[in-house]
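Below you'll find the structures, each written out as structure tokens.
In what follows, chain A forms one complex with chain B and a second complex with chain C.
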Partner chain A sequence: MLTFLRKRALTSLLPLLLVLLGVFVLARLTGNPASLYLPESATPAQRAAFTERNGFDDPIWRQLLDYLGGVLQFDFGTSLRTGEAASTMALRAFPATLQLAAATMIIAIVLAVVIGSWAAYRPNSIADRISSFLSMTAASVPDFWIAIMGIYLFAVVLGVLPTSGTNAGALSWILPVATLAIRPVGVLTQVVRGAMVSALSAPYVRLARSTGAGDVRVVTHQALRNAAAPALTVAGDLTVGLVNGAVVVETIFGWPGIGKLMIDSIVGRDFAVLQAAVLLTAISIFVLNVLIDLGYALLDARVREKAKA
Partner chain B sequence: MTLDNPTEPVKSEAKAAEPATPEKARAAKISMWGLLWRDKVALVAAAVLVALALVAVLGPTLVGDAATDQDLAAGVTPPRLGDGWVNWLGTDPLGRSLLGRIVVATQTTFSVAVPAVIISMVIGSLIGMWAGYHRGVRETIAMRIADVIMSFPSLLLAVVVLYVFSPSAANIVLVLAITRIPIYLRTARAESAELQSRTFVDAARTFGTRPNAIIRRHVFPIVLPTLLTVATLDFCFVMLAESSLSFLGIGIQPPDVSWGLLVSQGRTYLQTAWWLSFFPGLAIVVTTVSTTILASWVRIATDPDQRWRLTVPRSSRRKLARADKAAARRRARVGAATSTVQEKR
Partner chain C sequence: MTATYDLPDAGTGGTAAGTGSVVLDVDGLSVDIRTPQGVVRAVDGVSFGARRGETIALLGESGCGKSMTAQAIVGLLAPVADVSAGEVRLDGTDLVTASRKQRRALAGPEIAIVFQDALTALNPVYTVGYQLAEPFRIHRGMSRKQARTEAIALMKRVGIPEPESRVDNYPHQFSGGMRQRLLIAIAVALSPTVLLADEPTTALDVTVQAQIMQLLTDLRSERDMAVVLITHDLALVSEQADRVVVMYAGTVVEQGPVGEVFGRPRHPYTKGLLDSVPAGATRGSDLRSIGGSPPELQDIPAACVYQDRCPLVQDICRTERPAPRHVGTDHASACHFSEEVSR
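On to the complex of A and B.
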């Protein structure tokens, strides 16, 4: 178990470093933030002082080394916009996105398992074909469009839901979560259906039926357990992709999460905050991947044996 | 995927051994066009895509000035049929025809998505086939690079890059192409790694054929159908990504228009003019759904083992599937019986 984690951490460290390096260099190519943070009337001396204070006059490799040295001591720099520690800002925004993502994935997985199993129970029946078409459509709808149409229908016309923000309690969750969940539900339903169709025609299901197990028991105890592995892989990829959706959805709904923070800090050339947010995202994706690998081991005895060997 | 692997070789051997059923023999004779004609849903999807491609190429010249002509007196007219096609989908606050603007945007949207898909497919599959054929260090390096690109949300990467290098159409194509390369690289590598251990590749190698020639003549033709299916599906993804970027304001820039940008511009007038956001988004949905339907058809049509399914109408496929399953069960029983006989000997 520990060797597995160690191996995993080592192989993930390189991509993580490369992503951070790429963001660091690219962000600095956007130009000197001085022109954005100082007024038009600032004298050259004031500009030079600002540049020097923030270390932007050093060569880029020097800035990188300074930054990495700081990271090792858990100092992620300070925000140019607010003067706060970048890590504080990233950590404050993180739970909002995490809650959004968790709520979305729980709803998506439950819906996908129910609809997918139901469709797979009678392949090519009317119910199967309707759910196949709907899940295909759901998987190919642009999320920002659904968000805007949702706002129009429920906030503008019906006036039952808030247009944006987090002030309305549970009501303010409905539109963002529904928007984010649509694509995962569509994709996952297709995967669950495919895996369940082959699982339901497998010999062990026929054996279970011959012992007199009821339909519900066969689906939940035999077929679903075996169909879970491919669904888990796709669910993991979808969760990573949720960060993409979060950038769009958080911008539209004014959700104070990590996606909005990243967009804001790119536009505001707030390098330290951008780097902290990117690092936090990359680490959470790594943790997610480890959790998924552990999930395989829980589901499949063959994987468990292989991990021990 | 990894869990399926132990059973896979067995399955393909069984496929090779089993005699061609009459359905399969018949299906082999029907051309691709014939198959498409028989599946009406896929036919409609293909027709929609051809129509959209025509609109993308010819549309802007047909529409002429209607997309840019302003008429402030006729601003924000709701969609209505009758009096000319210009007002079918309503007008924007400057009185420009929404239908005309959507037609013009079709060209922009396609001219970003199509090159991006082609570039990523060519680069990704070349590297993938090469890495999979040679295995070893070359494979490891290629896969690690793919992992790095995949390990980070593509939209965010595109946002950072486009903010640095000004959002022009060429840059958008480039960024989207780079973020999609790993998809083809992984697919091509997996297939090519499997193929390079087959006997016909071995035979070619024994006769002294050079690696590049083997990849071109023996690996590429077999991998191509899979890559094309992946590319069709990826077209949706690239189109959605371009619309998202345009929506966030770092994709296509005004005065050019793309479908995503139209949705974004319409958002400001949501209270008064819902159609401005609705119809461009609908255009995106129609395109992506048609592409997905066509992709799933291509997947079946290019698979010699499943192709016959397309020769029968959808309604009777369920019966056939049941008969097929029963036949498979029968074969399995016969197979089990013969193998026990052999063991006894």
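On to the complex of A and C.
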């Protein structure tokens, strides 16, 4: 297991570096932050001093090496906006996103397993067709559109939910989570349905029935575990996708998470914070992938054997 | 006597002639399949009975409806297929009209099946111990621990070495022969009255085949079961079975004691089968084609199903379906000219 983790960590190091490099270079292409942080009336001397202090006049490879050198010592730079350590800001924003993602995925998985299994139980029944139609629709509407319609309907017209922020307790969760969950629910329901349809027609289900297993037992004691692996793959991809969704949703709903932090730092040309946020996101995606691999191994002995080999 | 069937033990039938009462009574069983081209009949009026302690063989070429018949008996047909007529009486209870709950209660303790797809029938993500324990947990309400003990005992009984350690292994860690033993173990777990075995040795090599058949025979005597052995292997039938039911195109064309049917076939199809096996053939040889091939399901003639391949065909064969008639004690043939066969 440890060698497996080490292998996994090594193979993800390169993509991680590439992402960081990309963000580093792209951010700097947007121009010198000096004009944003100094008053209109700043003298060229003041500008030069600001630029010099933050190292923006060095060639980009020099800046990159300085940055990587810092990263190796867990120094991720300081925020131009607040003067705080960039890592502190990223870590502070992270839990809000994590909670949002966790709530979203828990709801999505529960709904998808229940609806998907139910639809798979009688393929092509009315129930199956209705759920297929709904899940297909849910899987294909853009989340910003849902967000805006949601705000308009529930916050502006009906006035029952807050438009943004986290101050309204449980109520503040409803719109962001619903917005983020709708696509995963749709996609996952279809995956669970497909996986369950094939699991339920597999020979081992017939074997179980031949020993007197009833409908519920066939699902819970045989088919569900087989259907879990494909669902896990897609759930993992969807969770990674949530990070993109979080940028939109957190900005629209004023949710103080890592997505909002990214947008704010892009707007504010706050390079160090942006880089820290991206790095943290990439690391959490890596951790997520490891968890998914562990999940596979837990579900299927054949995967465990391959990992050992 | 023109049968030239030259096989070990030919004509003597199995070892223990069934003397018990008929426990499985299949009567006029028909199965329809819904296909995109319309409804076709895969099993048409099949009747036979099986006694405790007896092995009855369902014999016929691929596609003649053997598996469909078995699946209809245990009530586990594919979703596209339905029983359209007939009864399956198990100790007097008709399984066709029984409620799902009743059937579930009988599946395992009274009637069990070893399916044809032995090598893929076990669930790949559960240990074999888990799967062997299921019948005990479902029907006897045993705890995991109790059922595990039973599973180990069962593995030992069917000849799996080191059952205490192998109980926690997964299906892919077992050879084909061992997997077939595990499936047999699951089927006999609750000592059913009737055991259907659908081609239990087809996917295995010859030495393993013999071991599996020996195991089935031993279990049959030990638990006093009626065994329905489905096969297209003539040698297996002559070695293992007491009675044989010969199927063609979804119908029973001839049935009776193995010795009598193989010694003096009374249906041209049975005779064709026997003649097509070269003298001295050994176990495992498939049925050779008789010339021509069986009709597709949608082309099965309304009169005699064998008319297109039959050397004795007459006009009446093309207009009237021959009903099964007694041609000896317990021996029946569905042919207008059964007297002329074997002559």
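Just so we're on the same page, the second predicted complex is superposed on the first by the 309 of 309 C-alpha atoms of A that agree within 3 Å, B and C clash if a C-alpha of one lies under 4 Å from a C-alpha of the other, contacts with A are read in each partner's own complex, and residues count from 1 in each chain.
Please note the rule applied: a contact is a pair of C-beta atoms (placed from the backbone, for glycine too) under 8 Å apart; a residue touches a chain by one contact, two chains touch by 3 or more.
Keep in mind the model is a prediction, meaning the values are calculated, not measured.
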Of the two partner chains, chain B (first) and chain C (second), which one does A:R225 touch, if any: first, second, both, or neither? second
Applying the touch criterion given at the start, work out whether A:M262 contacts chain B, chain C, both or neither, answering first, second, both or neither. first
Could you figure out whether chain B or chain C reaches more residues of chain A? B
Once chain A of both complexes is superposed, is A:V249 in touch with chain B (first), chain C (second), both, or neither? neither
Contacts for A:L188 in the overlay, against chain B (first) and chain C (second): which applies, first, second, both or neither? neither
Which partner chains sit in contact with A:A139 here, chain B, chain C, both or neither? Use first/second/both/neither. first
After superposition on the shared chain, which partner residues are touched by A:T211: those of chain B (first), chain C (second), both, or neither? second
Once the shared chain is lined up, is A:I148 touching chain B (first), chain C (second), both, or neither of them? first
Where chain A meets both chain C and chain B, residue numbers: 201, 300, 302
Of chain A, residues touching chain B in the complex: 12, 14-16, 18-19, 23, 26-27, 29-30, 123-125, 129, 136-137, 139-145, 148-149, 151-152, 156, 201, 229-230, 233, 240-241, 243-244, 247-248, 251, 262-263, 266-267, 274, 278, 281-282, 285, 300, 302-303
Under the touch definition given earlier, write down the residues of chain C that touch chain A in their complex. 74, 76, 79, 104-109, 112-113, 115, 117, 120-127, 131, 134-135, 138-139, 170, 172, 183, 186-187, 189
In the complex with chain C, residue positions of chain A that touch it: 201-204, 206-214, 217, 221-222, 225-226, 299-302
Listed in rising order, chain B residues that touch chain A in their complex are 1, 3, 144, 147-148, 151-156, 159-161, 163-164, 236, 240, 243-244, 247-248, 260, 263-264, 266-267, 270-271, 274, 277-278, 281, 284-285, 288-289, 291-293, 296, 314, 317-318, 321, 325
